[in-house]
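Alright, structures below, take your time with them.
Okay, so subunit A shows up in both of these, paired with subunit B first and subunit C after.
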Partner chain A sequence: MRLWWLRMRVMTAKELLQLSRDPVLLIILAWFFTADIYIAGSGISMDLRHASLAVLDRDRSEASRELIQRFRPPYFEYQGELSSGRQGIRRLDRGTSMLVLEIPPHFERDLEAGRSTAVQLQVDTTNTVLGTLATGYAARIVARYGEDRVLDRLGVTDQQLAAMPRIEARQRVWYNPNQVDPWFMSISELMTVITMLSLMLPAAAAVREKERGTIEQLAVSPLTPFQILFPKVIAMTLAILAGTAVALFLILFPVFHVPLKGSLSLFFAVTALYVLAVSGLGLFIASISRNLGQVSMLVIVVLMPMLLLSGAWTPPEAMPALLRHLMVISPLYWFIELGYGILLKGAGLAVLWDSVIGLSLLGAAIFGFGVMRFRRQFG
Partner chain B sequence: MKASRVRAVACKEWREILRDRLFFTMAFGVPLLIMLVLGYGLSLDVKNIPFAVVDHDRSASSREYVHRFSESRYFDLVGYVAREKDLDPLLADSRIRLGLVIPDRFGERLQGDRPARVQALIDGMFPFRAQTTKGYLEAINAEANRELLVDWLARSRGMTRERAVQQVTPVRLQQRYLYNQAIESDWSMASGLMMLVLMVSPPFLTALGVVREKESGSIYNIYASTVSRGEFILGKLIPYVGVSCFNILVLWLVATQLFGAPFKGDPLFFFIASVVYVICTAGIGLLVSILVSTQVAAVLLTMVITFIPAMLYSGLLVPVESMSPDARLQAWLFPPRYYLEITWGSFLKGLGWSDLWLPVVVLAGYAAVLWSVGFLAFHKRPRR
Partner chain C sequence: MPLLQITGFHKRYRRQVAVERVDLSVGRGEIFGLIGPDGAGKSSLMKAAAGVLSYEGGLIEAFGVPLDSETNAERVKDRIGFMPQGLGLNLYPDLSVEENIDFLARLREVAPADLARRKRRLLAMTRLERFRGRAMKHLSGGMKQKLGLVCTLIHQPELVILDEPTTGVDPLSRRDFWAILTDLLRDRGITALVSTAYLDEASRFHRLALLHQGQVLDQGTPEEIVSRVPGRLLSFRTSQPGEALRRLQGRYRQLDYDGHRIRVFVTATGEAAALDELRRHLGDLPVRQLEAGEPGLEDVFVALLRGRGDADREGVPRLPVNGRSHRGGEDEVLIEASGLCRDFGDFRAVDRVGFRVRRGEIFGLLGANGAGKTTVIKMLTGILRPTAGSGRVAGADMRRAAGAIRQRIGYMSQSFSLYRDLTALENIRLYGGIYGLGPGLLQERIDWVLEMAGIRGHESDRTAALPMGLRQRLALGCALVHRPQVLFLDEPTSGVDPLGRRRFWSILTHLAREQGVAILITTHYMSEAEHCDHLALMHAGRLVADKTPDALRRELQQEVGELLELQLDHPLEALERLEGQFKGVTLHGNRIHLFAPSLSAAEPVIRRLLADTGVELRSLRTRVPGMEDVFVYRMGLLEREAA
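And now, the complex of A and B:
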């Protein structure tokens, strides 16, 4: 038994030494855990911000000006008036404006006479999400404007307003009250990086031995396949955990002010579990490929669907029903639930135990499968 | 520079690609796969938001209010819970994204012409989803209020209901969606994804192709041969650029045939622009291969410098105009943003040379810079 531990230790040390001898790789790893997360976390917001709006005002009245004024930042950015409809199309074609609002002649007269009227909004929907968002906001502004005009015209006083049946929906946003995008984006990127590296690094370490032929030496040594493979995984897990610590303490907490609501040790424990699970998948990839070119291609093949199906970038609820059920077999899905749960929501084991069990079972299955595949190759 | 030597290197490289079956399949398969997976999966639609309700009132009005949410396709009622405290664990465990609390005497107040208040708890973990949820919530609430206002006007001013309805909405908004009238997010995504795939896959292939020789040491054969560095780079990259050019056609077919995206522009213009883009991104791979000496490092570095810019800073998810000044600078620095302008312009807007010559020129300039830097930095006698 002592010998067993010794062998594991020596092999792990060997892997770490090998990793430290590739300075370019180390720099890239450092880049991943710092600059990459910073870049992904800063400056990107998927909300509608500053949608550029040009206006073709054919009425030029007080009423039309008041409506235009309601299209304000942060959602809209008023770019000025257009002189003709053709100019509007040109701006939309060029992409310099996203929206063109057209107010018809006699807008004010119709309003005052109590006739219903319509304003037209041309929306650039090459980006469908933002196109529909912008339309939604615009519709709300126009509806609100109409309501205000009506109450004004009917002479409804503030007193009467208080005696009207009206539902006020008070909103409270939890966990991220000001909806700071960097919180989400940086954690999400950290998880993506962890996933990618835990797929790539152990697989690369295993395949490199194959490529260089050093695997033959290991095969004739008294080590069992498990003793050859597991130290690789341990070494890479240590490296990734160190990187995660760097990312948390150098970028996430100090730069983006991500709050730490839950237990840090629980987060690291879960991360370690996750890295182990995913590296099993990496070993499986290594067992079916002969060189690194193949490994990296296969890693992309596995990584892409995993990232997409798990809600790292997109809301998972919007997926088709079939895919939503498939998410359960993606370890990242569990990791995201756990990671955000611990970091942002302050959830503990009492709430998250089912996800932990899910991740453990899945991880054990994947890892066992990976090692089994590799073992067969030695036989 | 001799054409015969370039051809010899290119032939050798092509044969190597052919002999590695898995690599060969992947060179064509991976771009296709990324396109399919992302095309079907990358949807930012916020739908079926799971929510739970605490109804202290249990009146007809409160049920009707909840019904407005549960019948819309944006919300998905998980169930009722008894107390507000029961919402906390559900939110923490991500089982619901929205909790609605309807207070006591909700219906009674509304009937008595008094304002009532409901409380909405929103999971803010994913800000985009929280923002959109808020938007839907406000829209549904506004609709409920409009109906209350119509009733009130009808009652207190003695109007007919029809007249009151007309009074309440004096201005309508007519929207016209341009370029993608049916708001098919597939159309925009599929065409936009060509940008992403062609940003990621050519540098991968080229970087791996060159670094593989470095790592295995076979590059010394090249160093020792009469092949000059220009001939080597050109011969080495031609097969990969060729593979990627073929992929342009495949991806174009997938976008138009499978995802049904319309192609309104000039095909020849689009193809030429795409080839320029591929040459440009292959240049990125060339630079990577010069910087690193192991294949792992090459793969990881390529991922870093291609994927994030293509995904986040290209305008695919967020228009460049809406970014912070910092991010906008990054968007200007990387090539994907220019190609996306070309793609969407060609596919959806039907533009051609006259409107899109500038981004093509920028890409060509970019390619020229990358290739010359690659040429200058590549040495046949590596210094140790």
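And now, the complex of A and C:
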């Protein structure tokens, strides 16, 4: 037993020492846990910002100008007037404008005369999210303008308006009251980074031993495959937890003001569990690769479906039924449930116990498989 | 005008100087050798000469064209054939033998008629005809190298540049290789620049340069180089080797003891003077079987290195003695294999291999890459499960008690298996921890390893920065940190310079003789085989012969006779005539080796054969056959049996 601990200890110390001597790996760790998360948190936004708008105003009246003015920054950016419809299409094709608004001739006259009229909005929805948002916002602006014109024409005063039976939809937004995107994005990116590094680091450490031939030396020593592999996972888990702490205390809390509703130690415990589970997958990758290049490519192959099936990009409910069932085997799915639960919702073990069990079972299965695969290579 | 003229050549990789101020010239029709250990700068020099590597200083001229720009290099590339280092690196593993040749021929724009003719001839010479359709990756190491040579020669270059063509190739294929070069030299007057890490191949060259750490130590014909370091190699047996070594240690820097004989290089002119000197120093010690011999090129290389002051102060490192007495009897068998087989799919990598190694014995396993040596070691160390057969290592059954075996053995592979990003001390500590040494014992063992390997002063250096020889001894130290009874060494000396190899061997001898460690070692260097107590050759998964070096040599002499060496002024013209009359006729520069029943019987025959050719026989003498001669003969027999 004493021997067992001694071996685990010297092997773990060795891995940490090797990690600390690898400047490239250290730079990669530092980059992912700081700059990368910062970029994701501040750069990627689901908001409509500065959507470029070009207008073909065939009416050139007070009414048309007022409508155009309602497309305001920061949502829209007015790019100026077009001279022809063809120019509008060209701008859309080239991607220099995102929206082209066309106001028909006699727009004002029709409105004055009480006749219905229509405006045309052409939207580039190559990016579906932004396209949908822009269309929605624009539709609301036009509808509001129409409503104002109607009320104006009816001569309804504000007091009369208040007396009218109107239903107001009052939203109460939980967990992220101001709907701040950086909260969601930075946490999501942190989890992606943790996933990628837990796949990559133990796999790289294991395959490096293969490349340099040191694995043979270990294989003829009294170490069991578990004693060879597990210290790598421990060392890399420690490194990733340290990185996670850096990301939380240097970026997420101070820069993006992400609230910490739940228990920090629970979050770290869950993260450790998750890293262990995923690194088993990494060891499996290392067992079928001969060099670092193959490891990197296989990590991408494994990482992409894990991300897609995790619910990080699409909520599970929006997935087709088959994929929704497959999500159960993506450890990232469990981790996201747990991570958001602890950080934003303040959930404790009482609420999250089923996800913890799910992650543990999956983790044990994956890790066991990874070690078994590696063991088989030595006959 | 020499074909290849190199003046003041200088090559750097970033700040690392690879080659410094090298001058040499290769004349038409010459086989010129570059000899030196890994990292001596051979490859850089050869790549630059082939016009595929730029360089910082000096000038290389081939066929009178200066290779100082891409454009100029392109002008002569048609006339140069270059084979890079590494088994079959210039070939495509998935293409067949014929496809490889055709592809490279088309690349060189060889006319179809020429291609067909040359292909037929070259395939016949290399005995590769039967394997035309086989994918290159399924060829043996020697066959790959021969195919590489065919592809290099297919456009009939006037100058071939071959970078370590014989490394990792079995002795028989190596002979084939030299025979092909000899034929080309004879028929087409080809010129060759060939590098090798094997000093025993030096006699094959007309002229050669000894490279060490980017510099030329010496160059000239083998005779010239040997004659520049006058002296005799003396060897003897004695009942008091320790005392003899003590008396000689301060006086002679080249001193070896393999457990049987002491060898010493005495710098004196003439045999009698050398013998006198040695007897004087030994005084009253009883000496048996005192013999004097010509120094080999390796002795000269070592002497040159020592002369430069690079070498260690002591010839034989003083080893701290382990305070452990042996358990068990002197002839306890520590490694035993019987009927070992291992299949990989349809392929039988190891076929019914059996041998025994006793306490304190050094057993050598020789053979080419892919002969199955490493697989045998992997089975005995428990990494690989045998398909059939059994084995016992250090008293434990290989199949059932792999765990117990691992605690009792040491293992070192050719990659030296050290963590390069850790320091020397950290590596020792790591292995100490793995083998479960407590703090007190660990410190004692660290001291022992540092002393044995001579690493004091380098403890905190990163392993990657250590020179090859030190790294090798550190790896050995790590393998010995737990005092194993059995030591497995898989090509532990590849790439290490001769000095480092000698020092390594003296440690091994000490381990075996003084501490009773049973050692199984594999090597490519036939000269190292002499140090083994008994040795066996592996060929295509099978074990051939398992005897002492002397017994193997005697057997060869009984079966084919004495090895004679003829020195001639025009050896090429004599070659064919001699081949008709004698066995084992091979060309070595301007000398010819052949086997004959005895010198006295052969001499008149040789003189008669050469009488009307006008070739002058300058000298004729017997040579002691080397292990390589033994194995080439043995393997030749095997191949004939198989055919």
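FYI, the second predicted complex is superposed on the first by the 370 of 379 C-alpha atoms of A that agree within 3 Å, B and C clash if a C-alpha of one lies under 4 Å from a C-alpha of the other, contacts with A are read in each partner's own complex, and residues count from 1 in each chain.
As a working rule, a residue touches a chain if its C-beta (ideal position, glycine included) is under 8 Å from a C-beta of that chain, and two chains touch if they have at least 3 such contacts.
Just so it is clear, the model here is predicted, and its values are computed rather than measured.
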item	value
Side-by-side fit of subunit B and subunit C on subunit A, or clash	clash
Which of subunit B and subunit C A:69 touches, first, second, both or neither	neither
First, second, both or neither for A:11, with subunit B first and subunit C second	second
Subunit B versus subunit C as contact partner of A:22, first or second or both or neither	both
Subunit C versus subunit B, contacts on subunit A by residue	B
Which superposed partner A:213 touches (first subunit B, second subunit C, both, neither)	second
Touched partner set for A:308, first subunit B, second subunit C, both or neither	first
Common interface positions of subunit A, toward subunit B and toward subunit C	22
Partner subunit A, residues of subunit C touching it in the complex	381-385, 403, 406-407, 409, 411-422, 426, 429-436, 462, 478-479, 488
List of subunit A residues in touch with subunit C within their complex	3, 6-7, 9-11, 14, 17-18, 21-22, 212-214, 216-223, 378-379
Partner subunit B, residues of subunit A touching it in the complex	22, 24-25, 28-29, 31-32, 36, 39-40, 42-52, 67, 77, 92-95, 98, 110-111, 114-133, 135-140, 142-147, 149-150, 154, 162-177, 179-181, 183-184, 196-197, 200-201, 204, 208, 211, 289-294, 296-301, 304-305, 308-309, 311, 313-315, 317-319, 323, 337, 340-341, 344-347, 351-352, 355
In the complex with subunit A, residue positions of subunit B that touch it	20, 22-23, 26-27, 29-30, 33-34, 37-38, 41-50, 65, 76, 89, 91-94, 97, 109-111, 113-132, 134-135, 137-139, 141-142, 144-146, 148-149, 151-153, 157, 166-181, 183-185, 187-188, 204, 208, 212, 215-216, 291-297, 299-301, 303-304, 308, 311-313, 315-319, 321-324, 326-327, 330, 341, 344, 348-349, 351, 355
